[in-house]
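Report on the structure given below.
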Amino acid sequence: MDRELVHPFSKYLRSAMMPHIWCSGCGNGIVLNCFINALDDLQIDLDKLVVVSGIGCIGRIAGYTNADSFHTTHGRAIAFSTGAKLANPELEVVVISGDGDLFAIGGNHFMHAARRNIGIKVICANNFNYGMTGGQQGPTTPLESLTTTTPYGNIEHPFNLIHLAAACGATYVARWTTLHVRRLTQSIKRVLQKEGFCFIEVVSPCPEIFGRRNKMRTGLEMMEWFRRASVVENFSDPSKAEISSEKIVVGEFVNKEKVSYERLLHEKIAQINEKRVEW
Amino acid sequence: MPERIKHPPLDSKKVKPPNAEIHIIKDQCKGCGFCIQFCPKKVLEESQEINARGVPPPKVVNEGGCVICSFCTAVCPDFAIFVVEKPLEEDVKT
Amino acid sequence: MVENKELESKGSEEIRIGVYVCHCGLNIAGSIDCEEVAKFAAALPQVVLAKDNRYTCSDQGQEIIKNDIKERKLNRVVVASCSPRLHESTFRKACEEAGLNKYLFEMANIREQCSWVHLHDQKAATEKAKDLVKMAVAKVALLQPAEEIEVPVTRKALVIGGGVAGVQAALDLADTGHKVYLVEKEPSIGGMMARIDKTFPTMDCSICILAPKMSDAGHHHNIELMTNSEVTEVKGYIGNFCVKVLKKPRYVTKDCSACGECPKVCPIIAPNEFDVGLVSRHAIYTPFAQAVPSTYIIDMNICLNKDGVIVCDKCIKTCEREAVNFEMKPETVELDVGTIIVATGADVFDPSTLPNYGYGKYSNVLTSLEFERLINAGGPSGGRLIRPSDMQIPKRVAFVQCVGSRSDKSGRLYCSNVCCMNTIKDSLLIKEHWPETEIYVFYVDIRAYGKGFEDLYKRARKEGVIFIRGLPSEIFEDRKTRNLWLFGENTLKRELYNVNADMVILSIGLEPRKDSEIIQRLLTLSRTQDGFFMEAHPKLRPVDAATGGIFFAGCAEGPKDIKDSVTQASAAAARAGILMAKGNVTVEAITPIYFADKCKLCGLCVKVCPYNAITLNKELKRVEVIEAACGGCGTCSAECPFGALTQSHFTDEQIIAQIDAVTEHEPEKKIVAFCCNWCAYAGADFAGISRMQYPPKVRIIRTMCSGRVAPKFVQRAFARGAATVIVAGCHPGDCHYINANYHTQKRMEQMWKKMKQSGLDDERLQLLWASAAEGERFASKIREMEALMEKVTSEDIEKSKKVFEKALEAS
Amino acid sequence: MSGRRALISGAHFMSGDIACAEGALCAGCRFFAGYPITPATEIAEHLSERMPDFGGIYIQMEDEIASIAAVIGASYAGLKAMTATSGPGFSLMQENIGLAVMTETPCVIVDVMRGGPSTGQPTLPGQQDVMQVKWGSHGDYSIIALAPSSVQEMFDLAIEAFNLSETYRVPAFVMADEIVAHMWEKVVIPHASKIKIVSREKPHIAPDKYKPFAPDGSLIPPMACFGEGYRFHATGLTHDERGYPKTQDSEVQSRLVRRLCEKISKNADRIIKVEGIMLGDADVVVVAYGIVARAALSAVRKAREFGIKAGLLRLVTLWPFAEKHVAEVAKQAKSIVVPEMNCGQIVREVERAAKETPVAFLSKLGEDPHTPQEILELMRRNT
């Protein structure tokens, strides 16, 4: 009888690729769920949507969404999307990838896309480590956490992605956890209706790889941590948006209007061609 | 404000939460337990059975308590649960 | 701040005291031989004349005093009559008019604290009266003229409570041009009146006449409305209050257009408090159609979205204006106001505490408030009076009066004032819609005392409403029909009745707000025994609180109908308006006097001052008192170990003079009581007003605050042979001077310790916390002290004399 | 789009880089992403000025990795796209060149070769990347690489590269060198209408039937682009015809990788272009490409004056390698001479194709390219 059951969101998924590869208790499925929720609320035209991802567990998300999708090489999702968005500004280009992909190997692209204010929407599932390769230390791994490459505790200071994105000039910056599904969905809807470079960090549980090395064996335990520690501080100072075992500052931090790169570019092209006529 | 009446509201038969029909796609469940844990009305529990993926999917223990906030649907990483409102005529029958 | 030099200069002139002993009709003369007291007074040193007359407070009485001041060159006046809390201001005014500084006047309280509490022992009462006069004379001789200083009054008012009284007061003040903060703890203003269908005796539609006022208040440019808010802290004094208000989040912003879409999708349902639970509302709701502000609100107690996690976002999604905001946090705002009007209203009696009426057990037994909602066209049944059991219109309706009123066994002793007329009005409403209905009213007395009330009562009788004297002793339900049987005695016909009715309406009384003591504490108010707030004077200052700058409106001060509430509201607004219009107010000249030469700059006074009114000026090597900020408690003077500070009009000398007067004769038979003006002394007055009888041994010395009572006063009393001493003040936390009475506690503990160490029975020194309403507490304390006195032997007294004489020499 | 200043035609005097840029525009290139690097920078500079005339996009990315990634994105979004770089940047691009191959992305990469390794000699010519272009990215694959030896060819081969890339859904490379890039020469540009332009083939079936990596007979799958309603998925992972990852399936892997190679090898004859001069009776044949081929030509002419039967086989297409043509000349020639500005790269392919026929190699590094004299000397010694 379960067979007959059709989930209301199944039309947004590539059924042939289901079930997804993610572990039990992994937050990536929730990110996908919220993303689809937002698409559904806004009745986004899937024919004009491009989902781009990089490498890592969450990288598979592009394949799962029933829209045009591209699974790029490690760290290059944003660079790829820059090309796609500029080539066809009509497209809604969304990059969904991981903390390692976007901020270690892909960090440079992130910074410059934000600086240029290219109209792509970046959603980062931050699980504090490299899950797919077995749990190595990454750019967001909290100090002192244990990973397969920091067996004695991490001594590298993690990025505050919110602060970074805001500093690079993103027009919208938000952080939620996978427990804040409603607000996350709300934020995704917001960025899908916004011009310019937008960034949403989703703090996401990785119980099997990160959690079990750091005294949180199940997704539930990690979600309970989110519930316990999260405080919504909308539009508070991004530099103070800490993530610690005691406190996870979540909320919308930046939401400003700024003309996108592609609009400036195409306006410029138009002007240039006006001038040419006068010649 | 003064003490509330000691009887149910006069309109309690008319005004009540919608009738929920909870669907669990058992074999799609990976048993993370989010739906059970975060249901505000404690409608779900872990079942005894083991599904195709070798985990116990949730079972409905209090469908009447469900108010269709659909948080379970929203927080499920595996698209394994969703809730619809029971049509009224069925409402009458039962 | 008065410098001591003045004292000496003034000290030089000859003292000429006049004493006036008042009969107060028979109130005093009934149990005191006033003539004798006057004779006694005449013989006292520096007294140039002593008179007794029937009503000293009357114009003639005052004229006599004025003339004597002029012709007999009196420069001090003592009136022995009622409590200074009642008439001190009257006589002070008289003195001033005769050109005598009003601070050269003193009263002996021989009514509330003597004649009324010793009704049956004229001899003892008269002796006590003499003592009291002697104390007053002793003090008055040392009194000094003083100028009162003026403090500015902030031209803003705080109105607590948004019922009809609060709204009226706010509007009146706002219209006279004053800024008003109207604080209401419910989501909407409107209060009780918003839920009533029609008003008696004129039968206007209640909400129809209230709604316009509400929206005026909501839109008035001088009124800042703060709903869903509570006052959490009040500091300062008349004209200069600093108030903290906690604004609780609505979780819906002002962008709400009250379109009403959100409740449709909200899955959470609860009974609507506004409709007394007769209908349901959702977690996101507006209490009623005319609510002001119209902005919706989310009831977080039942909303699914807890601890920062939004589980259900249905309202967020439906709100086109994006007005739903779960991130709203409580905020505390600070307001500076000059006056405060307390319009916190009343609660209704909960009849489920009377099992014999079956409320809560039988579905067709309703309260009068529930009836108001049912009969109301805007109510749950659209104005159809239906009985809950079967939604049918009842053929026979019975009203039961005095439910929770006029009975110590079942509810409150007092009459709730509104129930009789309300029932009469309700019976007429039923007759108006369904003339066939049989209506019974079971009552004790029908009190139709007001304008137009009697006519309404007559009308009801003419319409055929059956009035039966005698409340039912029991109500039973017929299981099948759900009809009700009322059993009782018709006390007119002297026969038993058992009446069958389809519906019973319990006419419930009004009672003080459950949370009254919070407001009481915040504003240091007093409450009468029935729990409503106590006015400064029942006749002459009916809307003033004892605390300056605070006024009452509506049921907070006692059960009232709408008309009286509005009347009182306008009165309160006028009283507050006077203060603010004047723009300044004089504070009693009871601030500290400073003797720079004695000061060792230890800074103790700075520490104990509850108002931070004293600062230590290191350069000038002196302390400085900010008189406007000084509350006048005198605890600094009590604390100063070097006598460098004393409280003007309550100087050490003056108080010691009183002590000495008490202890001159038979000190071993006397109880010396130091009572604070606001609680203990008022409590003693209250004992008198209630004619509570207690032993005539006590002699009360009034200080503004128990914090004024310096150890040396107590030591003095014992050193002069007093058997027992009481220091009495407000309950901890209720101190009229914020926290001054904590120092009282501290000092008492030190003295108890000393007494123990020197082998004295420390029970002889007692500390009493008694509020202005606790007359009985005071009286019983005195009885207890008398018993205690019996045990005190003359040896004990000799011993304590020695111990404390030493102690005094030492200091 | 509004080509106010349209494509140029007729005779022009321009540098190789500019000619390359103009050729690209002519071929329909509407997207350029690059990063400054000598000696390819002028291509970017010229396109930054010219792209707007065609409503095309020029963007300077943060590095060459981003440039090639953007180019792939743009191509998938439906534009003909290219980038231009030199050795160091070319190395950075290798990973995503692999992605372009795997996702069968039409795009053109111009590598203006300079002296390496590493930063090497930015301003001097080289031919050191001709093997990197074949093998540079990991895994097995085939690409198409062309070698212009004149400014005219910078123009012509730019167009050719786009046509081939669009035809075979494969990255195509223009392997220029510092000299052809910076050299100014006369270029004759035919009217646009006379120039053959090829664009990628679009799917002919309904979106729900569409499989983005299912080849028709020609081994080359028709290509849908983003926003056209086909809702396809593409990935750098080994994938089946639907584009869905198949990381555990060896059968899928071999089928995919073989096709990626065969779509080039099986079409080699159609792709490969060479120029043969005086090969008819030649005993000594010079096999050369790029700027070196021009020295080789005058050397061959001189040799004929001295009565040496010399000939020239100029490789226009470097990859796929012109094996047949080399084998052909090797049959009659007594010897083959290969001059290259590297330590011997293409010469290995020549030796492999020439079988018994002896092959002499003349290497030059760092300084100017071979003089005709040097090549003549070698021919003399080998006759």
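Per-chain numbering from 1; labels A, B, C and D assigned in written order.
By our rule, a residue touches a chain if its C-beta (ideal position, glycine included) is under 8 Å from a C-beta of that chain, and two chains touch if they have at least 3 such contacts.
Predicted model only: the values in this text are computed from it and were never measured.
**Q** Taking each chain's centre as the average of its Cα atoms, which is closest to the average over all protein Cα atoms shown?
**A** Taking the mean of C-alpha atoms per chain, the most central one is A.
**Q** From chain D, which chain is the farthest off, judged by mean CA positions?
**A** Farthest from chain D by mean C-alpha position: C.
**Q** If you average the CA atoms of chain B and of chain C, how far apart do the two points sit, in angstrom?
**A** Result: the chain centres lie 53 Å from each other.
**Q** Distance-wise, how many Å sit between the C-alpha centres of chain A and chain B, to the nearest whole number?
**A** Centre-to-centre distance between chain A and chain B: 30 Å.
**Q** Take the average of all CA coordinates in chain A, do the same for chain C, and state the distance between these two points in whole angstrom.
**A** Chain centres of chain A and chain C, defined by C-alpha means, are spaced 61 Å apart.
**Q** At what distance in angstrom does the C-alpha mean of chain D lie from that of chain C?
**A** 97
**Q** Could you check chain B for residues that touch two or more other chains and list them?
**A** Touching at least two other chains: 38, 71.
**Q** Enumerate the residues of chain D that touch no fewer than two other chains.
**A** Answer for chain D, listing residues that touch two or more other chains: there are none.
**Q** Which positions in chain A are in touch with at least two other chains?
**A** Within chain A, the residues that touch at least two other chains are 179, 181-182, 185.
**Q** Counting only chain pairs that touch, give me the topology of the graph as line, ring, star, complete or other.
**A** Basically it's none of the tidy shapes, so other.
**Q** Can you name every pair of chains that touch?
**A** So, checking each combination of chains, I get A-B, A-C, A-D, B-C as the touching pairs.
**Q** Residues of chain A touching chain D in their complex?
**A** Residues 14, 16-17, 46-48, 50, 52, 60, 62-63, 66-73, 76, 79-88, 90-91, 108-109, 111-112, 265, 268-269, 272-273, 276-277 of chain A touch chain D in their complex.
**Q** Quick one: which bits of chain C touch chain B in the complex? Just the residue numbers, please.
**A** So the residues of chain C in touch with chain B come to 186, 267-269, 271-274, 276-280, 304, 306, 309, 311-312, 314, 347-348, 350, 352, 359-360, 363, 367, 369-370, 380-381, 386, 388, 391.
**Q** How about chain D: which of its residues touch chain A in the complex?
**A** Against chain A, the touching part of chain D is residues 2, 4-5, 30-31, 33, 52-53, 55, 57, 59, 61-63, 65-67, 69-79, 81, 95-96, 98-99, 103, 226-237, 242, 244-245.
**Q** Tell me, which parts of chain B touch chain C in their complex?
**A** Touch residues, chain B against chain C: 1-12, 15-18, 38, 40-41, 67-71.
**Q** Quick check: in the complex, which residue numbers of chain A touch chain C?
**A** Touch residues, chain A against chain C: 41, 179-183, 185-186, 227, 230-232, 234, 251.
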